[in-house]
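In the part that follows, the structures are each spelled out as structure tokens.
One chain, subunit A, links the two complexes that follow: it is found with subunit B in the first and with subunit C in the second.
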Partner chain A sequence: MEIVVFYILAAVIVVFSVLTVTTQRILRSATYLLFVLFGTAGIYFQLNYSFLGAVQLTIYAGGIIVLYVFSILLTSPDGDKIATKLPKSKLFAGLVASLAGAVLCIFITLNHTFPVSRFVPGEIDMKTIGFALLGTEKYQYMLPFEAISVLLLACIIGGIMIARKRG
Partner chain B sequence: MIHMEYYLVVSTIMFFAGIFGFFYRRNLLAILISIELILNSVDINFAVFNRYLFPGQLEGFFFTLFAIGISAAETAVAIAIIINIYRNIRNIQVSKLDKMKH
Partner chain C sequence: MFDFSVVTHWVDQLLRSFLPEGWAILTEFILIGLCLLVGYAVIALVLIYVERKVCAFFQCRLGPNRVGPYGLIQSVADMIKMLTKELITINHVDKFLFNLAPYIVIIASVIAFSCLPFAKGLEIIDFNVGAFFVMAVSSMGIVGILLAGWSSNNKYSLIGAMRSGAQMISYELSIGLSILTIIVFTDTMQLSQIVANQADGWFIFKGHIPAFIAFIIYLIAGTAETNRGPFDLPEADSELTAGYHTEYSGMHFGFFYLAEYLNMFIVAGMATTLFLGGWMPLHIGGWNGFNAIMDAIPSIIWFFGKTGGLIFIIMWFKWTFPRLRIDQLLTLEWKYLLPINLVNMFLMVIVVVFDLHF
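Entry: the complex of A and B
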């Protein structure tokens, strides 16, 4: 059962991530990205990281994709076609580079002997995550949490400053 | 039980699909979508390594969490910049973006 679910998720992710970069219309590209993100959330759920899956669904699928769709609709007045075509040599170069890289990485991954994996099923309870996120001891993450909150504040201000209309 | 390598193969294919899109697409938003694919595949790797190799710890978990947050912030700023570019030159194709050279 678990293996069947994994194969479905893997097929969805592979097919839609290839479609995301090869389709000619940018709005379809954003929609396929949404399916890839759903598949990733499914993998997190399968690894028993429910919190991570929920974060993925709310932030990526709920927030970022909406942002993409709105900006595509704002910036593509003449349909959502890709206007310029690349010369065939560029396409060929990109294809060769990415295929060679993928084959090399998969070859190394399958030949490397990892340490013995001890898959321990079971959920991390919310209390552990909360204490680790907001503690100040070793292996606790108060400082990165605060740094990210400052980063998000800077991003809000920067986004408003860049995107506002200058009168 | 599923072997760890299967997850890694899936995320590798996703990563190089993103790389190919980064080379091939000429639209700024499409390039940004390719970057999202790359970031997402790396997030899968962090979660898988944490679950399979170090199940007692939470490092990969929190790295994924922070990476999701940072990529959201990055996307917001990049889209603000792209909309500003569109407002100035009415185009977001990469080949038309040579005004900033002067």
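Entry: the complex of A and C
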């Protein structure tokens, strides 16, 4: 049962990832990306990690994709059709880069010995996650959390600066 | 009080008695899905009828009264009409996205619907991040609306979708913060646990001032979130014909219609669960006879009764207030509700830390 669900999710992720980069229309591409992210959220839910799954849904599906769609609607006049034919040199460069990436990924996956998963069945308590996020001890994430909030603050200020068209 | 888990356990045992475990679980999935969809459709039909009647009474009319006694079968007839109508294909649209959009909207709404705890022992999805999960899923609907508006290839639809997106994204903040206020108070995000914590008093009484402010803000933001009047600019019929679903016909329009009503039910149901004790009966300390009578009422009636009351209030908003302008709408959210909400959350933290609640 679990295996079947996993294969379905994996197939969805793979198919829509490919479609995301091959489609000609930019808004369709964003929609396919949405399905890829749903698939990833599905895998999190299958691992019983409902917090990460819900975060994935809110941040990516509810936030990032909506932002993409909004910016596509606001910038490109017809919201359609990505740039036409690529020049040959760019095509070649892209092929080399993707080939190198693929070789690297396959090399690492094949050489890495995956440790036997110490998977604890059942949901993780919300309190555990909260303390891990905001604790200052080892394996707790207070510093990255604060660093990201400073980064976001900088983004907000930057956004306001750009939006305000005064000297 | 009757516990519905008796029924579900009985069904579970029955299926397991003649099926292997995997197949039994699969059958249960399908059964639950069917029950959910039937419940979804029936609630939508009832809500459409109620909305038409309430609207009629507010405008000193009679409303539907021809089909069946008091026009009760009117919305069923409408549904059959909608199901048999042709799905018109429109030229020069992105057909794939155009047909996909209503499904995204309705799936988001069905999943959020299935998280509500309807009665004692009748919870379908009960994650320990339940409240957060409901918000996450309901935010998926925005994508569907934006896609519908863009792929219709129509100015009115596009403007409606943009307004709707801007509105839902801003009011999501208020909803999130007011839910967070209650989570600060109750210490858990699991919806069944939130209801269980209200056995000795609903949060709106236990959390007094901050809970009450959060409740008011939740109702306002929830009304805006479901694109209902006075916040119905995305489909302002006098300006935009019908907003983002102008071009849709037949059952695809029906999906938007159903999702709109059910989103109202979900907002009211979440408000019931978070503030008014879910399916918990009203208890007053010391009045034992009164409490016993209240306990005799089944939990499912408590839930639907409270939700129905809130739905009536939301409809009341729609038929009494005039529509806001877009700048008024955004001012209300960003300049009033959001600061009040942040201060209110701080107040709730003080109440919890100094143990000032009942």
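The definition used in the following text is that the second predicted complex is superposed on the first by the 134 of 167 C-alpha atoms of A that agree within 3 Å, B and C clash if a C-alpha of one lies under 4 Å from a C-alpha of the other, contacts with A are read in each partner's own complex, and residues count from 1 in each chain.
One rule holds in what follows: a contact is a pair of C-beta atoms (placed from the backbone, for glycine too) under 8 Å apart; a residue touches a chain by one contact, two chains touch by 3 or more.
Everything numeric here is computed off the predicted structure, so don't read it as measured data.
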*Here subunit A is shared; do subunit B and subunit C fit on it together or clash?*
fit
*Return first, second, both or neither, reflecting whether A:1 touches subunit B, subunit C, both chains, or no partner chain.*
second
_Between subunit B and subunit C, whom does A:110 touch in the aligned arrangement: first, second, both, or neither?_
first
*State whether A:144 touches subunit B only (first), subunit C only (second), both chains, or neither.*
first
*Would you sort A:20 into first (subunit B), second (subunit C), both or neither based on which partner it touches?*
first
*Would you mind checking which one, subunit B or subunit C, touches more residues on subunit A?*
B
_On the combined arrangement from the superposition, state the nearest Cα-Cα distance between subunit B and subunit C in Å._
14
*Share the list of subunit A residues that count as touching for subunit B in one structure and for subunit C in the other.*
55, 63
_Complex contacts: residues of subunit A adjacent to subunit C_ = 1, 25, 27-28, 31, 34, 50-51, 54-55, 57-58, 61-63, 65-66, 69-70, 73, 79-80, 123, 125-126
*Contacting residues of subunit A [partner subunit B, same complex]*: 2-3, 6, 10, 13-14, 17-18, 20-21, 26, 29-30, 33, 36-37, 40, 43-44, 47-49, 52, 55-56, 59-60, 63-64, 67-68, 71-72, 74-75, 82-84, 86, 90-91, 93-95, 97-99, 101-102, 105-106, 109-110, 114-115, 117-120, 124, 128-129, 132-133, 139, 141, 144, 148, 151-152, 155-156, 158-159, 162-163, 165
*subunit C residues touching subunit A - in the complex, by the definition given at the top*: 22, 25-26, 94, 96-97, 100, 127-129, 132-133, 135-137, 139-140, 142-143, 146-147, 150-151, 158, 162, 165, 169, 172, 188-189
*Which positions of subunit B touch subunit A when the two form their complex?*
1-2, 4-10, 12-21, 23-27, 29-30, 32-34, 36-37, 40, 43-44, 47-48, 51-53, 55-59, 61-62, 64-66, 68-77, 79-84, 86-87, 92-93, 95
